[in-house]
Every structure is written in structure tokens, then in C-alpha cells.
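Two complexes come next, and they have one chain in common, chain A, joined by chain B in the first and chain C in the second.
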Partner chain A sequence: MIKKLQEEVKKLLAEKKVNMVIGYARAGDAINAIPYFIANPEECGALIWDKTCIYNLTNYLIDMRNKKVGIIVKGCDVRSVVCLIQENQIKKENVIVIGLQCAGVFDKKGAELGAVGRERAAKCKSCNVHTPPLFDILIEDKEMNQKVLQQEDSYKEIREIENKSPEERFDYWKKELSKCIKCYACRQVCPLCYCPVCVADQTMPQWFSRSLSLEGNFAWNTVRAFHLAGRCIDCGECERVCPMGIPLRKINKKLEKEVKELFGHESGVDAEKKPLFSTFSKDDPEEFIK
Partner chain B sequence: MKIINKSEFLGLMEKWISSPGLIAPVNVAQTFRSADKEKNLIVFKKIETKDEVLADYLNTVKPVKDFFLPPSTVFDYERKDEGYNFNLSEVDGKETIIFGLRPCDAKSITLLDKVFSEDSEYKDSNYAKKREKTVLVGLACTSPDIACFCTSMGISPFSIAGLDALIINFKDSYVINTVTDKGKNLLGSLGKEAGREIDEEIKTLEESVKLKIKKTCNTSKNLESSFESEEYWTKVSNSCLSCGVCTFLCPSCYCFDLSDESAKRIRCWNGCVFLRFALMSSGENPRATKKLRYRHRVFHKFKYFREKFGENLCVGCGRCIRHCPVKIDIAEVVNNA
Partner chain C sequence: MNENFEPKIIGFLCNWCSYAGADLAGSSRISYPSNVRVIRVPCSGRVNPLFVLRCLIKGADGVLVSGCHINDCHYSEGNYHARRRFAVLKQLLDYLGIDSRRFQMSWVSAAEGDKWAKVVSGMVEEIKKAGPNKQFK
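Here is the complex of A and B:
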């Protein structure tokens, strides 16, 4: 599988179909993976693919939107490519999608320790998209069928929180969000957080307090969540990178569930479809829209 | 060095909780369901009950700098004819004991002192007052991980730099090494003399822990020649996300930003890797690309600070490597520059 991947990337670069390919390589510590940018076809031997390839690389496409780029994606990551195309951020003709069949990657700690029992990140446990729905080149995994483990209920944790009393929920989120240090890693890693100037960085006028107050932390995290409603593709990167371990995926997952139940919309599935918030339907449950 | 029974020492710590006040590493991860039990989030926190205190951890996620340079400070001010009158009442100068900081974090305090202390050109009175009133009791590190490289930065997992006293976990006891007068006042009367034999054993233990640290950073390197290398800095910063993890978790990064919010002045942490860090009111941003920002971070740590203060602005705690979302390794970047 890795050989096939390396050959395909080499071909793309040698035939000058793309200026650069974004993939995965091994970090200097010989354990972790790192994002890897290749322009020289001779460097393709450094490309890797295994359970440590936890990153969603599509975040880098925005920076390179005017270049011809090849990108290596998993089934989850490709959905953000679909979103970026839908939202006119990148042009399909500029991107060559190299899809990998994937049965799940390590969670954050698992990638570092290679530890048993850490084989699947939380997002992978409820995943059923093992083959990317959109690709130009597909790298198949012949042992895929043996590797795929049973899919878990993706909204189990959300329902658990929904069943708590409002006071308990508020308490829970107060404790979680008070940990936020506003390093903005969640925003920076998010492939769909691409505003040239984030609302949190604006100073004229200043919308949020810069201080680390609980109110300010709530404001930041809720505004970000709402900006991602109907768009988040559940790649789980925000939760992975949060140094303070805030369960950000739970917030986004809740909104994903609401959007699904109210509008039957799933983000990042069909590049031909319009984004949820730039369309309307006559069956909309709200009165005002009719 | 003195040796003391563990339970005796813990009993003493219990007294510190009520007076003068104790700050120590605590696991604050909250669990909503049993499957999350293995989650750890260890940070320094004001201790309320003795059961919270941990002694078995690699290092805290956030360094101890929070207590001297808070992530955000709000100042009230009044406008007077002759200028502004800032109300600095936030710092009451209460005595506190910080227990459990690792020698790397303690070393970082000596670096911050160079910038903010009483004798510094840029004296920060809040910082100086807190430093004066705080006793730092370190805990020697015996299980460094693959991101640690303190031995390259002129310290060791048993160093005493910056500490008032160092506690070493030794078999069933603690060995206490009091360093300053503050440390002696607090702990000097405890335990009995350890004797030469234990001193030797501690030395051997220190050497064996040092050997566990495999990562190195070539700190004598002159980075000057790499400054113009567009190719190198592009390569190492290509994957950088421009988030604030490395700077906010760094024990020695101290940059801050000031902003005015409805008659209050807010001083909060800022990081040189953020896109808008160097943005000026004219609209000009001299470090608009991540290559320039990342190079600046490395140069500040390993060149500019060294030129001004004689030491590198890094203690090798490894947090920026351990927590970097894309695993950029500053030691490797310096070595290969």
C-alpha cells in the first residue's frame, strides 16, 4: 500500500501535474508522523501511511489555494475538501485528491506511545467511511475487510450529556471551558476555520474580551461552534490539538446531530450540493422562512 | 542533605494548605463517563484538600509561570491630569509555597527574573512582589520522556537553579536539599542528616536519570548563518499552524499584549507565532509569513536572548515538542540550522 502510494505521488510530481503533494512522513523521534510537503519526486520514499497518520492535512490547502496541489486524505479528511469546494475556497481542478482506505487511526496518546488499546481514536469508533467518497486516485488496502472493527453509536456520548439536567450540563461546561488558555490551536488546525481575520482577533471593534474570563472563554468557544454548525465534518482535530483536553468534539457533534435531525443535512458528502446555510427548503420547520 | 519520612513530610504539607497557602500539581481532568478515567490533565492549582496533591507525574501541562505572569491581568485605571493612575491592588503579596515544580521549570524562573525582577531594566513590580513572597520547593524528576532535553540546556533533572529547596524521591523517604535562606527557614529544621552514603546514592541516581534523556540540542550553535536561508526556514515551518501552543505552554516565553476594554486595561499573554503578533497600527506586518514568525521564535530563544542576557531562553522541558499539534521539534530545528 505504501509502495503504491509513493509510486503514484512520484508519478504526479514527475509528470508535473501538481507543484506539491501534502502527505505524511516519520518524525525525528521515529514514532510520530508529521505533515510532509514534497515538491521533488525523488523524496517520495519518505512518505508513510499507518495508524500514526492522525492529521487532517486539508487545513494546508487554504494557504496553497492558487497552486496545483496533491493531497493525501483519509475518508474523514476528504469531507473537508468537499466543504472547501462547496464554499468556493478552493477549485476542484487545482487539487488532486489521493484517497487512502482507512480502518481507523490512533488517538492522540496512542500515536505517541503506540500503545495497545489505543488503536482507534474516538472519531474512528463511530466512523463508517473507510473509503473516501471523493478521490482522483484511490490507494486500496487489500486487508481492509479484516481491519474494520465494529462501528459504535456516534451520538452515544451526546445523548449521555443531553440526559443530564441543565444545571449539571452547565456545571460540566463551566469546568471544561475554564481550562481554555486561548491558544487558538482549535481554530488554527480546523480546515474550515479560514476567515482571513478571525472575529476573536478583531480589535476595531473588539468583540470578545482578551482576558481569560469564563465569560470570554464561553463566548469564544460558542461562537466557533456556531460558525461550524452544519459545516463541521467531525475530523476531531480541534479536540486532538487542545493542550488543555477540552472535549470540543462533543460541542461540534451536538450541533451536527441537531442539523441532521432538523434539516437532514450531512456536511461534506456531496460537492455538488450547496452548503446548508446558503440554501433553504420549503419543508423547513421554521415558519419565518416560508 | 537531610532525609525525612514521607508521611511526616506530607503531614507538613497539609499544614501549608491553610497557612501560608500551597500551590501544587493536581489532576483536573473531569470525567463524565468511566471510559475517560485514564485522561490526565495535570496543572498547578491552589490546593484545598491534601488528597489532591500528586507526586507521580512527568510534568504539568502548563508551566509554573502562570503564577508570576498570569495569562491575563485586568488593571483598573483612572485618568488624572498628570497621566494615568493604575490600580495595582491585584497583588496582595501573600506568602505562598509552590511545591512540585520540576528543575526545568525552576530554571525558567531564573530566566524570567532577568527580564522582570527588581534589578531588571524592565522591572515588573507585580512580578517582583510575587517572587519575593513565594517559596519554590522543587521535586526532582526521575522519569523524563522522549521530548525532554534539559541536560542540553545546562541543567539536570536534579538541578537546584531557581529553587529554594529540592525534594528528591528516595526509596521510602524524601531527601531534602535546602538551597536558599527561604528554603532553610521552611524546611531546615526537618529530618535528620542524610550522611555521605545517601549523598553518593543520590548522585548515582541523578546520573542514571540523566542517561535516560536521549534528545540533545546543540546550544552553542551560531544561528546567524542560517538567518537568510529561505529554504531552511520554509521547510521547518511549512507544517506550523500558527497556533499558540508552543508559546503559551513554554515556561520561559513571556511576551504579552495590552488592550483596552471599557476603562480597563487588560494585559494578556501573546505569542510570536500568531499571525497578528507583529501587526502594527499602520497595517504593516513585518512578520506576515509563518516562516518569518517561526524563525523569530527560534532566534529569540537561541540568539537574541543569549546576546542580551548571556543564556538561552529555553530550559529543555520539551512541552513545545510534546504538545505541538504537528510535532515540530525545536531541538532538531536548532541542530539542523
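Here is the complex of A and C:
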């Protein structure tokens, strides 16, 4: 599989179809993977693909929006490419998507855990896009096709929180969100947080407190989640990079569930469709309006 | 709970319908609770969900967003967008444990002074039951 990947990338670069390919290479610690940018076809041997390739590389596309770029993506990552196309951030003709069939990746970096005891990430346990829904080149995983990939109920944890009383829910989030140190790593790593000036950085007007108060933490995390409503593709990067271990996916997933139930909208599936909040339907639900 | 609790409600009213509706309620001498502090906006679609969130976090007991009825929007489709946005925001606030009674939405046309009075009375009633907003204090 890696051989095939390397050959395809080499071909792309040699034929000058793209200026650069973004992929994964082995890190200096010989355990983890790092993002790798290749412009020279001779370097393709460094490309790797295995369960340590946890990053969503789509983030880099925004910085290279006017270049011809090839990008190596998993099934989940490709949905953020679709979102960026929907939102006119990148042009479809500028990107060559090299899709990988993927049976799931590790949840954390190896150096944090040692080489043993690494688990499949939570997002992968409930994944249903092992084959990327959109690709220009697909690298198949012959072994994976035979494996039975059981899909867990992705909304189990969400329902647990929903079933609590409002007071319990507030206390739960108060406890979790009070850990936030406003490092904004969740924002930086998110492939869909690309505003040149983030609302959190604005000072005129300053929308919410930047201190580590309850109100500041609540405001930031609510706004971050709301800005991803109907857009989040559940790549889980925000939760992975959070140094304080806030379960951010539980907020993102809730919104994903709601927009599915309310509007039948799934993000990053169809590049021709408009983003959720850029459009409307005459029959949108309005039971909550008096 | 304090018997004398008078909720503070922030009302975002669209210029073309609800603001005129509230005005009509006043000029028709309909009496209704004076708990709503009105902020006039061009359209319910102008109301950023961030406004609502900030009001609640800063201690408002309730937030009411009111606009034109569907198909009556001065800008054709502003209220459609608002409806979609706030449907999601309402779910999110509820999920985070903020009492869902604190954020409400209504369609009040310029001719519905009595409806405006009813909406406000109903909301004040509900928020009195919910009690003061002390979650962020």
C-alpha cells in the first residue's frame, strides 16, 4: 500500500500535475508521524502511511490556496476538503485528493504513551467513512476490506449528557470548561477555523472576556462550537490537541446530531451543496418560535 | 425564590415588524410587564447568536429575539436565516445546561400589538419560574 502511494505521488510530481504533495513521514523519534511536504519526486520514498498518521493535513490547504497541491487524506479528512470547496476557500481544480482507505488511527502520539498500549481513536470507533467519499486517486487497502469494521453508536455519550438534568449538565460543562487555558490550540488545528481575524482576537468590540473566568471560558467554547455547527467533520483534532483534555468532541457531536435531525444536513458530503447557514428551507422547524 | 424578582429581559426587535408591533401595543394602551429592554435591529437575521450568548453570560435573565412572520421579511429572507440559526443555538444552550426558557423567539407583525403583550407576559411568567440567572456569577 505504501509502495503504491509513493509511486502515485512520484508520478504526480514527475508529470508536474502538482507543485507539491502534502503527506506523512516518520518523525525523528521513529515512532510518530509528521506532516511532510514534497516538491521533489526523488523524495517520495520518505512517505509513510500507518496508524500513526493521525493528523488532518487539510489545514495546510488554506495557506496554499492558489497553488496546485496534492494532499493525502483519510476518509474523515476528505470531508474538510469538501467543506473548504463549499465555502469557496479553495478551488477544486487546484487540489488533487489522494484518498487512503483507513481502518482507524491511534488516538494519541506515541511519545506520550510509549510505543505500547495505543488505542484506536474514539472517532475511528464510530467511523463510517473508511473509504474516502471523494478522491482523485484512491489507494486501496486490500487487507482492510476483509476485516469486519464494527461501527459503534457515535451518539451514545451525547445521549448520556442529554439525559441529565439542566443543572447537572451545567455543572458538568462548568467543570470541564473551567480547565480551558485559552491557548486556542483547538482553533489553530481546526481545518475549518480559517477566519483571518478570529472573533476571540477582536478587541473592538471585544465580544467576550479573555480571562480564564467561567464566563470567558464558556463564551469561547460555545462560540467555537457554534461556528462549527453544520461544518464540523469530526476529525477530532481539537480534542486531541487540547492540553487540558476538554472533551470538545462531545459539543461538536451534539451539534452534528442536531443539524442532522433538524435539517437533514451532513457536512462535507457533497461539494455542490451549500453550507448549512448560507441557505434555508421554507419548511425549517419552528416549533420553538411563538 | 424571591417573590419580588423582576427579570431583566433583553429584546432584539426587528425594525419593520416587531418594533412597530411593540410600539402599537404602547399606543393602543395595552398594559404588559415592563421587563423587556428593547434593542432595535434592522432584521431578526441581523442578530448574531453571539449577542444572545453575551447577554446570558453577562447576567440577563432572558433574551427574546422577535422578527417578522415568515414570508413577511422586509429583506425577503432574513428571518429564514434567523430561524435556522437559532434553532441550533437553542439546542446548544440547552445542552450546555442553560435553562432553555431563557432564550425565546417570536414572530410579531406590526399589527400584532396584543400578540406582543402576550409574548412578553408569557415570557416574564416563565422566567419568574426559572429564577434569576446566577449561573455565571
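Simple rule for what comes next: the second predicted complex is superposed on the first by the 272 of 290 C-alpha atoms of A that agree within 3 Å, B and C clash if a C-alpha of one lies under 4 Å from a C-alpha of the other, contacts with A are read in each partner's own complex, and residues count from 1 in each chain.
Simple rule for what comes next: a contact is a pair of C-beta atoms (placed from the backbone, for glycine too) under 8 Å apart; a residue touches a chain by one contact, two chains touch by 3 or more.
Small disclaimer: the values here were computed from a predicted structure and weren't measured.
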Side-by-side fit of chain B and chain C on chain A, or clash: fit
First (chain B), second (chain C), both or neither touched by A:K91: neither
C-alpha centroid angle, chain C to chain B via chain A, nearest 10°: 90
Partner chain in contact with A:K11 - chain B first, chain C second, else both or neither: neither
Chain B versus chain C as contact partner of A:G245, first or second or both or neither: first
Chain B versus chain C as contact partner of A:I161, first or second or both or neither: both
Partner chain in contact with A:K67 - chain B first, chain C second, else both or neither: neither
Which superposed partner A:C183 touches (first chain B, second chain C, both, neither): first
Chain B versus chain C as contact partner of A:W207, first or second or both or neither: second
Touching partner for A:Y172 - first (chain B), second (chain C), both, neither: both
Touching partner for A:K254 - first (chain B), second (chain C), both, neither: second
Chain B versus chain C - smallest C-alpha distance in the overlay, whole Å: 13
Common interface residues of chain A - those touching chain B in one complex and chain C in the other: 161, 172
Interfacial residue positions of chain B with respect to chain A in the complex: 28-30, 32-33, 39, 41, 43, 61-62, 71-72, 74, 146-147, 238-239, 241-245, 247-249, 257, 259, 261, 266, 268-269, 271, 274-276, 323, 325-329, 332
Complex contacts: residues of chain A adjacent to chain B: 27-29, 31-37, 55, 59-60, 157, 160-161, 172, 175-176, 179, 181-185, 187-189, 201, 203, 206, 209-213, 237, 240-241, 243-245
Interfacial residue positions of chain A with respect to chain C in the complex: 161-162, 166-174, 199, 207-208, 214-215, 218-219, 222-223, 225-226, 229-230, 251, 254-255, 258-259, 262-263, 276-277, 280, 282, 284-286, 288-290
For the chain C and chain A complex, residues of the former touching the latter: 49-50, 53-54, 57-58, 70, 77, 80-81, 83-100, 104-107, 119, 122, 135-136
